[in-house]
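Here chain A shows up in two complexes: once beside chain B, once beside chain C.
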Partner chain A sequence: MFNFNIEFTGEFVAFFLLAVCAIVGAVLAINFTKVVHMALSLAFTFISLAGLYVLLGAEFVAFVQVLLYVGAITILMIFGIMMTKHDGEGQEPARPLLETLAAIGCLCLFGILFYGIRSAEFPAEAASLPADNTLEIGKLLFTQYAIPFELVSVLLTVAFIGAVALAKREEDPQ
Partner chain B sequence: MTILSSYLTLAAVLFCVGLYGVLTKRNAIIVLLSVELMLNAVNLNLIAFSKYGVNPSLAGQIFTLFTITVAAAEAAVGVAILVVLYRSRATVNVDEFDELRR
Partner chain C sequence: MQHFWDQPLSWGTAAIFAAGAVGVLAFVLFFVTYAIYFERKVIGWMQYRKGPNRTGPLGLLQSVADVAKLLLKEDTIPKKADKGLFVLAPVLAFVPSFAVLAMIPYSMNLQFADLNVGFLYYIALSGITTIAIVVGGWASNNKYALLGGMRSAAQMISYEVPLVISVVGCVMLSGSLNLREIVESQAGYFWQWNFIPQIIGFAVFLVAAVSELNRTPFDLPEAESELVAGYHVEYSGFRFAFFMLTEYVYVYAIAALTTLLFLGGWNAPAPQLDFIPGILWFFVKFAFIVFSLFWIRATFPRLRVDQLMGLAWKVLLPLAILNIFLTAIGIELMR
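Let's look at the complex of A and B:
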């Protein structure tokens, strides 16, 4: 079950480097004490994941990842950090029981997932996806997935209108 | 050990780190960002299966696009709710938002 016979091809080396970057970014984000540092370190993780998407032949999704996650969501979170005060950072009261329980639970979940991944049978060779996958994704989005695509656009519009309506400062009645 | 299981293991690691952040962090913005990290782990799984899976096709990448869209909507609404909560309670600690428990 635990045979680590990996041939060191270029793809595996690139995967290994990007995976190390992603995991380091995530773990640092958990360990930093300042909120802005956490957000930037998670942005590093998102960029590494975009690199992994390029490695997997999904260039369009990689660009969307960089635009949306790194460009929009992280910046939105940084604006959220700026708009809320956070004096007490760094001197949180330690909650050892909760943290230990959460760590044990996450490690158990990882163990179960790891066991499942190891014991599953996967096809060995990669499939040949179409070379210009942006064109193919566009065709699929407007034929087979047209209705979900339109529904998602409605969802986005509703969500952003809702966000603006929520965050608008209410007029004082008196 | 195929390269697909390496991708799945990486996604499992990221998911567990995100779950730990959701469970232990007190700043609500970091909790939202950890949820984004968990969603990203799932996206990585979908894209890995779209290339190396049993039935490889572009459907995995399209599902990933939908997931990213929903994640963007979730982040926008989440930050808006946080700003409103901060205005009324002057805190972003998730364990002080306990009106429903009292």
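Let's look at the complex of A and C:
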């Protein structure tokens, strides 16, 4: 299980750097005390993940990830944070028992994931990726997966109408 | 450039890529210097003034002197600012603006990265600059800067939607998101360029693009009369220069994108004129778009805040969606 044979190719170096960036962003997001800093380090993680997608040849997913998570969601979070006051930011009281338990839980989770990934059999690639995989995604979405796609759009429309209704009700205090 | 893509990466090709990037940076800096000069001259001409004419012959060194002034200026950071983010914001704004230039094909054989999702790449990265603007406004700890940053973010998010949807028509006509293939599908006479079959899309794209650039008539984020200067009110020296540079690099990117998506890129207006190299055609069209942006700035008043969002959501978005339907019907009928 522990015999890693790693080839030091450019791809590996890029993967390693991006993975480290993603983890650093996530860890910083937990450790920062100011909420705006947390949102930004989350954005950093999202960008690193997009880099990993590019590495896997999924440019479309990568740039949609940046567009939605970094461009829209992070900005919305920052908006929300800026609109509200955060005077009570400070050190939380230390809770040693809880922290120890959380650390044990994390280690167990890591162990399970590590075991799962190392013992999993990855089948060899059935077919090589098509050169223009965005085109293939589009074709699949509108043929084989047309119904799930439409269902998702109905779901989003419902959410959208719900958001409008909620915002409207807050607007006029009767 | 293309033949380097298929070769394995060696130190030699890496050096060539790095040299290419430095070359683009130098070219962009040159463009920005003279775009500012050109802008001031054009606006001066339209307002019966002379524009800059003192520094150097015909005022040609005015922008150089301005940049030198900014670089030599004392660098100030407000006492109560969030120092880390205050320093980070200009960098975070500039890096994506330069990175988007990688996907622009100047001619058939001159392009740095051939992405399948060329246009999406631009939109995705320009979102990062929006974050930088908000963060810069917030980190300054100044209410004018914060308001400017907020307005800017709200505006850029809203106008991104019609901007993306207006391009869908072009993508449908050429069947690809790849900018090179979009240009190739417009080959032939000038009425085959996308701006005639996609006239609604073109109009929506232009309006949304001017708004994305935060330029007049959509320059509410830096409305001097209400906000002093907007999100960069606390910035001075080279950090301020970086924000300005970002703005003009986006002018460059948008002008190049408009040329590629709607004006046929490097295609000549008629096949008979093909003996003139494509890159020249590209830059002629590019210069025309840049001039139009300055022209719009010189002649339009600023929109009111409450009209701004209405325009994006109630006018541009329905028009862009209508354009998609009309394009689909057109494609069906032509088949």
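As a convention for this text, the second predicted complex is superposed on the first by the 161 of 174 C-alpha atoms of A that agree within 3 Å, B and C clash if a C-alpha of one lies under 4 Å from a C-alpha of the other, contacts with A are read in each partner's own complex, and residues count from 1 in each chain.
Criterion: a contact is a pair of C-beta atoms (placed from the backbone, for glycine too) under 8 Å apart; a residue touches a chain by one contact, two chains touch by 3 or more.
Note that the coordinates shown come from a computational prediction; the quantities given were computed from them, not determined experimentally.
Undergrad: Which partner does A:Leu40 reach: the first (chain B), the second (chain C), both, or neither?
TA: second
Undergrad: Identify the partner contact of A:Phe79: answer first if only chain B is touched, second if only chain C is, both if each is, neither if none is.
TA: Both partners, chain B and chain C.
Undergrad: In the superposed arrangement, does chain B or chain C reach more residues of chain A?
TA: Touching more residues of chain A than the other partner does is B.
Undergrad: Using the superposition on chain A described above, determine whether A:Val64 touches chain B (first), chain C (second), both, or neither.
TA: Both partners, chain B and chain C.
Undergrad: Looking at the overlay, does A:Asn133 come into contact with chain B only (first), chain C only (second), both, or neither?
TA: both
Undergrad: Touching A:Leu49, do we find chain B (first), chain C (second), both, or neither?
TA: first
Undergrad: Once chain A of both complexes is superposed, is A:Ile117 in touch with chain B (first), chain C (second), both, or neither?
TA: So A:Ile117 only meets chain B here.
Undergrad: First (chain B), second (chain C), both or neither: which does A:Thr143 touch?
TA: Neither partner.
Undergrad: Share the list of chain A residues that count as touching for chain B in one structure and for chain C in the other.
TA: 60, 64, 72, 74, 79, 133
Undergrad: What part of chain A is in contact with chain B in the complex they form?
TA: 3-6, 11-12, 15, 19, 22-23, 26-27, 29-30, 35, 38-39, 42, 45-46, 49, 52-53, 56-58, 60-61, 64-65, 68-69, 72-74, 76-77, 79-81, 83-86, 88-89, 92, 95, 98-99, 102-103, 105-107, 109-110, 113-114, 117-118, 120, 122-124, 126-127, 129-130, 133, 136-137, 140-141, 145, 148, 152, 155-156, 159-160, 162-164, 166-167, 169
Undergrad: Can you list the residues on chain A that touch chain C in the complex?
TA: Per the stated touch rule, the residues are 10, 34, 36-37, 40, 43, 47, 50, 59-60, 63-64, 66-67, 70-72, 74-75, 78-79, 82, 132-135.
Undergrad: List the residues on chain C that touch chain A in their complex, please.
TA: Spelled out, the residues of chain C in touch with chain A are 9, 82, 84-85, 115-117, 120-121, 123-128, 130-131, 134-135, 138, 146, 150, 153, 157, 160, 175-178.
Undergrad: Mind pulling up the chain B residues that touch chain A in the complex?
TA: 1-10, 12-21, 23-27, 29-30, 32-33, 36-37, 40, 43-44, 47-48, 50-54, 56-59, 61-62, 64-66, 68-77, 79-84, 86-87, 90, 92-93
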